[in-house]
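Structure first, commentary second.
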Amino acid sequence: MPALALPKTAAWLAELAGEPLPGRRQEDWRFTDLAPLQAVAAELWSGPDPFSQCSLPGGISRIAPAQAQLLLDQGLQATGSSTAWPVRLNRGASPHFLALRVSGSVEPLQLTFDAAAGQGLLALQLLLVLEPGASLELLLHHGSRAANATSLVTVAQLGQGAKLNLGVLAPGDARASLLSHLAISQAPASELQLTTAVGGWALSRFEPRICQSEGAALTRLRALQLVAGQELADTHSQVQFNGPDGQLDQLHKVVADGAGRSVFNGAVRVPRSAQRTNAAQLSRSLLLSDRARVDTKPELEIVADDVKCAHGATVSRLQQNELFYLQSRGIAVDQASRLLLRGYCDEVLRELPAAAASAHPLQLLLRERP
Amino acid sequence: MIRPDAPLLLEIRDLHARVEDQPILKGVNLSVRAGEIHAVMGRNGSGKSTLSKLLAGHPAYSVTGGSVLFRGQDLLALQPEQRARIGVFLGFQYPVEIPGVSNLEFLRVATNARRVERGDEELDTFAFEDLVRERLKLVQMDPAFLERSVNEGFSGGEKKRNEILQMALLEPLVAILDETDSGLDIDALRIVAGGVCQLAGPDNATLLITHYQRLLDLITPDYVHVMAAGRILRTGGKELAVELERSGYDWVDQEVA
Amino acid sequence: MSTATVSDLVSQPYKHGFVTDIETEKIPKGLSEDVVRLISSKKDEPEFLLRFRLRAYRQWLQMAEPDWAALGHPRIDYQNIIYYAAPKQQEKKASLDEVDPKLLETFEKLGIPLSEQKRLSNVAVDAVFDSVSIATTYREKLAEHGVIFCSISEAVKDYPELVEKYLGSVVPGNDNYFAALNSAVFSDGSFVFIPKGVECPMELSTYFRINSADTGQFERTLIVAEEGASVSYLEGCTAPMFDTNQLHAAVVELVVLDDASIKYSTVQNWYAGDENGVGGIYNFVTKRGQCRGDRSRISWTQVETGSAITWKYPSCVLQGADSVGEFYSVALTNNHQQADTGTKMIHVGARTRSTIVSKGISAGHSSNSYRGLVQMGAKAIGAKNYSQCDSMLIGDQAAANTYPYIRSQQPDAVVEHEASTCRISADQLFYLQSRGIGFEEAVSMMVSGFCRDVFNQLPMEFAAEADKLLALKLEGSVG
């Protein structure tokens, strides 16, 4: 069901962001209709602070507010995020703020942001500072059951040799919106694994921006986005190499069913200083219905000669030969499709932090009964 | 075949060289006359591969002292392509793949460059195809490889056969074969070694860079040199290789220490 | 190691940079409705064409120059351009013997002999000098087969019904800023019509030469292949060296009916400016073909080496069922050149297929972008696209960008895209050198190897020429 835009909400959101809502004439928002966001009530979400009950394992400490704000601003600037509309909106919406410093290797952590049946806009900010050599596995679990909106800005700084395994599991509601901006800076020898699995939102927009501040880091991105019904899922990723010997391995997977729309824009920027960068980006889209649409736009910008940058994209339905193989073993076509679809999704889902397993991500996102 | 009166082809005198800031060769002396087969043995890192690449003019190595004369001419002053044209050939340990460049075209251009240097006529595409098909037999290579890009998608054995095919076409005076036996199964090794033996004659010389005895079972060297720490430690006949195979390189370490 | 560097190898003086000293009729600088009317009246055009021009002009006035391609250039002053220039000779001559020998000499110098004795035996040539066509060879022989090959001005006079039917039917007068400008002021270009069932007996070729400074070139090409017809067409272009920029805004329209095919090849070598980026042609071109018929086919092959700025996306609208679109491109940029080129494959009909092979080579301080769109419409059941975009970078000051858009609304369509970036590695160079192949030849072998998939698509006569052109352009640049 298409969301009905409330003019009052649009004005309110524009006021929070200090800038009108982005429109289709802006290249970054060409395919992304913000109507579902405007269908939420023009008020801030009023439930308890989702961060207040968070118990922290040893090795993780809170950062004092003044310093946290400074680090957050620095982090946003490093990836050119400060002017992004979702970030401006988030800042204007008095976000709940959690700022953590991680030293050494710590126990896995999970944070749940469930807008549940609440009204209005839930705004959250998360700052993660990983000291050199620190290691963290973190799962962010989103949810909603009503026409509300969640806005999350995550800023992470990975020190030298630090490792961050960040998972985002976001099963949504067909009335709800999710705007998630991630600004991540990586020092040399750091390793980032970012796995996002999102599906079921009226509107979701992920904006991961990764900057290898001096190169020589490892970035591994895995994403799965599912749309059905009238849903729209959008990912605009950007990876910037500001020094030599950086590595990127990116896989973006899409399943588009019903009258859903999927948008993927993947920028990779390799300036002159980033010699010996090795970057690979693969985008794979499954189009399951003739009312669904997929828009894919990779952007590779390279100004260094000694680099390896490979990129690939495919859009198609399930592989006929794979289907046939299963059918020839006596499996009915529906069941065979299901099996293949599950396998297709599982390639990304199995890379989520271990804590995700108990939530049964495959069932959640494919909307199967457990 | 050792003939003391045979002309001197290659004369390496007190050769010092380094890669970046790392000294690798520390005074290599070696003389090679026409008709001779030399084997240079040694552990990884002893400097033997450096020696072979340096003789071919690889830009990563810089000479810090000593000299190399090829038939009395200063070899080190020449560009890599000039060295090839006058008859110095390097069979690579890891031949590089060059996508898009046709193997046949590559072989023809290289062969003609050598022919022009020797004062022979250039071969047109038809004459060259005849020649290359004849030389293919030497390494028992499928003519289909001519239609592919240089070394692209070739197996290890196919790459090495392609190297020997190039050697057969360029007819070098000094052939330096760097670890030609590495990565080959026994059949491929026989074919490659057979090719080398057939190409060896009274007017040319072969320098085998190798780690193992097994290639020397198929190609009998006149001299065996043992390299360690950037110098030739010992020189002997083929029995030296047998001794190395039996007792290993430990004695070398002691002598170096 | 050789002292010649790969970077030194790319810069060879432009050899087509001479100016022909010939009396030229020019209209004053500037653009207005009066200028549009003047051009139309100079060409003695029928009413429909004047209306077409004026409509486009009025629409152009409402449009803004696009800036999305991120091509950096100073603002173009459209009032500082001459929109019509023609060598002074009264009528187009019936016989080549009457054409000003200076013009024939010019084309001969460019390697395009036009005279009966010297002309190429298997290629018919239309030679366009500044704004007008000066000669078309083999017209009679082609006419025997029912093939029409002439300048578009002549076509307007001799076949007005065909021109009226097809002109602007693929690229409307208001398609984009530069197409609108072209529609308003186009001076000449080629017209090709291949009737039903005819396979054109020879290659057709148009050679464009800009001679005057401050003159814009706005040619218009229209090629129609009726049911079952086929033709291979090639265009070439050069210009003198001026230290001011000249605007070239062409429009090419192709129409292909059932079972027909058009193969359109371009070797573009407009003056690119000097090594500091001064002068050169701004090449803003709209090329589009419509596969209207079932099983029809359009194949674009381009070798783009010239121009200060190139902005060009030869496209295929695949309407007919089982129609096929192809795009093969080599774009080489050096010094301060900017190229933003690619294609659009719009799949409308069922089982339509398209192939895209793009090879970009960037050297010097240049910027080379592939920008493409593959669109699978809701009815494109069973459609397929395969794209491959490779970039080669020479030196660390050049930029290679890849923007391949994919839009699909059809689950039964398959889109596959691959892109890679490479350079000429020192190891590859050494390997070739160690076999006696000289440095420059080794570089040129690798570059032409990189482009081989595209050169294979060019007509035989031009493949070797393209290879040579690339080698020339690269001279002095690799290292």
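Labels A, B and C are assigned to the chains in the order they are written; within every chain, residues are numbered from 1.
By definition in this document, a contact is a pair of C-beta atoms (placed from the backbone, for glycine too) under 8 Å apart; a residue touches a chain by one contact, two chains touch by 3 or more.
Note that the coordinates shown come from a computational prediction; the quantities given were computed from them, not determined experimentally.
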Line, ring, star, complete or other: which one describes how these chains touch?
line
Chain centroid nearest the full-protein CA centroid
C
So, what's the distance in Å between the C-alpha centres of subunit C and subunit A?
42
Could you put a whole-Å number on the gap between the CA centroids of subunit B and subunit C?
49
Calculate how many whole Å lie between the centre of subunit A and the centre of subunit B, each centre taken as the average of the chain's C-alpha atoms.
55
Which residues, counting only subunit C, touch subunit B once they are in their complex?
1-2, 425-428, 430-439, 441-442, 445-446, 448-452
Any idea which subunit B residues touch subunit C in the complex?
56-60, 79-81, 83-85, 89-90, 92, 95-96, 98-102, 105-106, 109-110, 113-114, 117, 149-150, 166, 170
State the interface residues of subunit C toward subunit A in the complex, per the touch definition above.
68, 376, 378, 391, 393-423
List of subunit A residues in touch with subunit C within their complex:
27, 272, 275, 285, 287-317
